[in-house]
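The same chain A turns up in both complexes below, where it pairs with chain B and then with chain C.
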Partner chain A sequence: MRMPLGAIVAAAVLLALTLPHWANGAQLFFWETVLIQMLYALSVNLLIGHAGIPSFGQAAFFGIGAYAVGLASAALPPIVLLPLAMVLAAVAALAVGAIALRTYGIAFAMVTLAVGQVLYTATLHVPVLGGENGLAGIDRGKLFGIALGSPAAFWYLCAACVGLGILALRTVHLSPFGYLLRAMRDDPLRTRFLGVDIRAQRLGAFVVAGAFGGLAGALFAYANQIVTPDAFAWVRSGDPIIMALIGGMSTFWGPVVGALIYTWVTHAFAEVTPAWILYVGMVFLFFVVVMPEGLLSMARSLRERLSR
Partner chain B sequence: MHNVLLPFVGGLGQGVLLFLIASGLTLIYGVMRVLNFSHGGFFMLGAYFTYTLARGHVLPAPLLVAVVVAAGLLTALVGAITERGVFRRLYSLPEISSLLATFALLLVFEGLGRLVWGIAPLSQPQSPAFLGEMHLGPVTLPSYDVFLYVVGAGVVVGLEWLVEKTEFGRMVRATAADRQMAALLGIDVERIFLAMFSLGIFLAGLGGGLVSPLIGLTPELAVSFIIQAFAIVIVGGLGSVRGTLLAAIFFGLLNAYLVALRPELADFSLYIGMGLFLIFRPQGIMGRAGSPGELAA
Partner chain C sequence: MSAASEASTAGALCVRDLVVSYGANRAVDGISVEVAAGELRAVIGPNGAGKSTLFAAIAGEVAPASGSVVLDGVDVTRWAPHRRVRYGVARAFQVSRIFPTLTVRENVLAAWLCREGKAQLWWRAVDGATHARAGVALDDVGLGALAERRGDSLSQGDRKRLEIAMALQLDARLLLLDEPTAGMSPKETSATVALVESLWRRRGLTILLTEHDMSVVFRLAQRLTVMHRGRVLCTGAPAEIRNRADVREIYLGHG
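Showing the complex of A and B:
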């Protein structure tokens, strides 16, 4: 597992560095979206796949990150605003988690779904947030004196942020905290007998996931240069779950693979038919019912079977 | 006086509609332990079937009622097919996996809605008889609201009778309590599942049909009502029909009074209600879903 991972990461970095030289603006934008979705799906999978916390409201934190950029892009440069968006999303996650984690299982899923919907509804009603039209004309500003208005410059910023984000989440995944989360998922009762404060650990996971969801949202706002209530829409909470599921929720890299496939497939279908959601739903259903382990786990067990 | 009563009349009618959707959801959860995200999709189908059967024409009240019931039955048929094709594979999965699977189904239904009926809103006109008003002493009631009360009361009484008083209901309660034991006792659990699923979906289709003359029909109906219905069953206690009725009426009235008194908060009524329950009565939100035999309690 180690060798191919190193090679794939090296290839991905090389690809990211050279992409602006052979891709046009629209293609760069598409790949920015893919990268952002990868980071976002990873943040959701930290909760659902690894900590066993069924959050259906990650859009709340994605939207907070996006609206932070929408509101403050004229005043603050991205180097300040991106970390600020993460902090805001993390604080919101702390507040939401402190209340919502009083419940568990399906009730928790519904409460988080409702939180996302509250914020979605709020964007329509609070005048500062621009209503249905959202906030347009987001200024990408400058970084180290380089204007980020050019597609290539922004691509490098986006790729670097997502790369660092993935690295950070990978570090969390391999840390004692990461192992503890998976232990709680597999057997909460025994983990509690070890003296672990389960609710505090879950809250920690919720905050970390919220922060990276916020970063994904902030990058999304910069990439689109507009933010609309769609950032909070409940499908935005559902999409990353589908991505994680397709790739494999029990693995770390599953959501990355799933985000790539899902973004590409929806993009392709949406160009052909307004009913694309039908086909997405069918693919998703197939994975839940027939292949709940996802592609990466399938590949792994296939390889193990062959090497035996 | 009128300012206080008027929201009550409309809110109660809205509560009945919410109850019809949410009661099917809670019945299905109570017996099969699957929280059905796609319930909203069936609700959407009920509304669209009504539109298609009526062809968007103005119908006299009895005919419209017949069309709504037919739409409910058609929806139940789709539900039965879905149960055989998809849901029975979900009963053995963990709750969260089945939740994801029904979420996928919801997307499928919304996509079907777009494919068959398009994304532009369609409207089913109301029957003239339902547009009138009824006078009860000093109180004036819109006749459609009165009709909804009657339907709601009928469904509550019918469900209570079916589950509490009949042989079938005893088998349903036994299955809900312990499906393995029930199967060992010779109860055809698969048939019970199919029947209860179809009944729950019938109620969703009926709710969709009854809503169809009130609002513009779009595929988004599938999503917009399911979140309300989820809030209701969770506040009411998953699996409890009476709790669902109380919660549906609570949310219907809360919304109607907020519309009348604090319109800027009206769109948040659902979340305000849910938040209040979560903070002050989290046990109400948890329900007693784990305990057996509370299906109709």
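Showing the complex of A and C:
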């Protein structure tokens, strides 16, 4: 009784291809947000759920990706700017990680939180970053001669990027590096005595997570066509953790499911009440109390119990 | 012939004047031990004699205050643990350490990937043949039937066997086993003794082990080193050690 992964992926691809034919612009935008959050939550979960490195500052890399697009969208097309945003975020992660990863646990979480907050403050005070108003009028440019200004054209770009991003993260998950990350989370000392350089391994995880966080941020900026300091805000570091928790941190697909639920619930409540955050909090509490291991982990253990 | 001579030239350990201190306590207080390549040596002694600390220093987990650890003529005293592993030192811990949330097969797979130097390979999924290989390695230590179980669902005895299987993936020339049968039932103990003996005979590696169960020690070891209060009391063949009055005395608690 395994999850029919192939069937689900095929259905998702079909849905993505046909969506512009029956969804309006606002709905397309909503689903773009869902996809971007999926990618972002997956990158954060690689770090926290699989490598056991509790970062509370992934917004730093999301924000770097977003501001890279905000600053350069007029000069560079997305096909250059999206990879560039990833590289910039990866380099930043390398620099931050080289210092922050000297600490562990809560101390590490605090250092990463501080890095995110420093960048947030910088966006407010550095004139070229637009201050509180951020950078508006982001130009989506063209891809292979097709203007991406229309909602449908951009939807396909966004879906393709997220699809490739998920594929890449899935490959990392199933790679030797991925297995050794989870081994390191389980028992760092044992992993060292298998011959693994723990510092390099932790830094590697931080860089990969940073790069894909940067890609998510860049797509987010293109989707919104404006980037504000909110891209660096600490809630932006917290949201993907909540998504991963809801879906199940110990699984690969958990953050994807969690991002879908969280984004949808937030959206639904925000439409009907200004106190939406209260209700989102209650939904989150429900998940943490009833299924602390997350939705997919619970489904998995249920399946294992049934198959015995 | 060439295989035999290869085996007999690898894994020679020479520990000289080693001192390891925890604060004011010199847990290892000037120890020198020589283990020939291909030898199966047991280190025995009462609790607190410094056996586990000696192992930790050989593996690189603790830094000695002075003295040296030389493996096959190369001084590894200042090497990081992961570098020593790659050079051929593998260990199993006193309280077995495996990966609890990985499956049994993934535990062995992780060790094999390390030996292949692929811990940082992130751009390609592990292929089916490599997964299958890990399953075969499990059959080798009699854990094949448990391959898809989670690590933390294993009994203590099976955990120890799994850890030995993982250490063997590393293709070590020196294997450190810290109380390989601790906490095992008599049946598990005898199975593990048979396993260690057959692996040692087949692979020609050097094994250094500590053990409280004297029947295990006398069945396995070629030579014994007796430790007491951080020092070496004596080294010799099992029959010789068994009859020494001073060894009997420290084990009776008058030391």
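In this section, the second predicted complex is superposed on the first by the 301 of 308 C-alpha atoms of A that agree within 3 Å, B and C clash if a C-alpha of one lies under 4 Å from a C-alpha of the other, contacts with A are read in each partner's own complex, and residues count from 1 in each chain.
Everything that follows uses one rule, which is that contacts are C-beta pairs under 8 Å (C-beta built on N, C-alpha and C of every residue); 3 or more make two chains touch, one makes a residue touch a chain.
This structure is a prediction, so every number in the text was calculated from the model and none was measured.
S.K.: Quick one: is A:124 in contact with chain B, with chain C, with both, or with neither? Answer first, second, both or neither.
M.R.: first
S.K.: Is A:179 touching the first partner chain B, the second partner chain C, both, or neither of them?
M.R.: second
S.K.: Contact-wise, after the overlay, does A:150 reach chain B, chain C, both or neither (first, second, both, neither)?
M.R.: Once the two structures are laid over each other on A, A:150 reaches no partner at all.
S.K.: So, does A:103 touch the first partner chain B, the second partner chain C, both, or neither?
M.R.: After superposing on A, A:103 lies in contact with chain B but is clear of chain C.
S.K.: Tell me which of chain B and chain C touches more residues of chain A.
M.R.: B
S.K.: When the two structures are overlaid on chain A, which partner does A:208 contact: first (chain B), second (chain C), both, or neither?
M.R.: In the superposition, A:208 touches chain C alone.
S.K.: Just to be sure I read the superposition right, which of the two partners does A:114 touch: chain B = first, chain C = second, or both, or neither?
M.R.: first
S.K.: In the overlay, answer first, second, both or neither for which of chain B and chain C A:24 touches.
M.R.: neither
S.K.: Help me check something: in the complex, which residues belonging to chain A touch chain C?
M.R.: Touching chain C: residues 171-172, 174-180, 182-183, 185-187, 189-198, 200-201, 204, 208, 250 of chain A.
S.K.: Considering only the defined contacts, which chain A positions touch chain B in the complex?
M.R.: Residue positions touching the partner: 48, 54, 99-100, 102-103, 105-107, 109-111, 113-115, 117-118, 121-122, 124-125, 234, 238, 241-242, 245, 273-282, 284-285, 288-289, 292.
S.K.: State the interface residues of chain B toward chain A in the complex, per the touch definition above.
M.R.: So the residues of chain B touching chain A come out as 35, 86, 89-90, 93, 95-97, 99-101, 103-112, 114-115, 119, 223, 227, 230-231, 234, 238, 264, 267-268, 270-271, 274, 278-279, 282, 285-286.
S.K.: Please name which positions on chain C make contact with chain A in the complex.
M.R.: 59, 61, 80-83, 85-86, 90-91, 93, 97-102, 106-107, 109-111, 113-116, 118-126, 151, 166, 170
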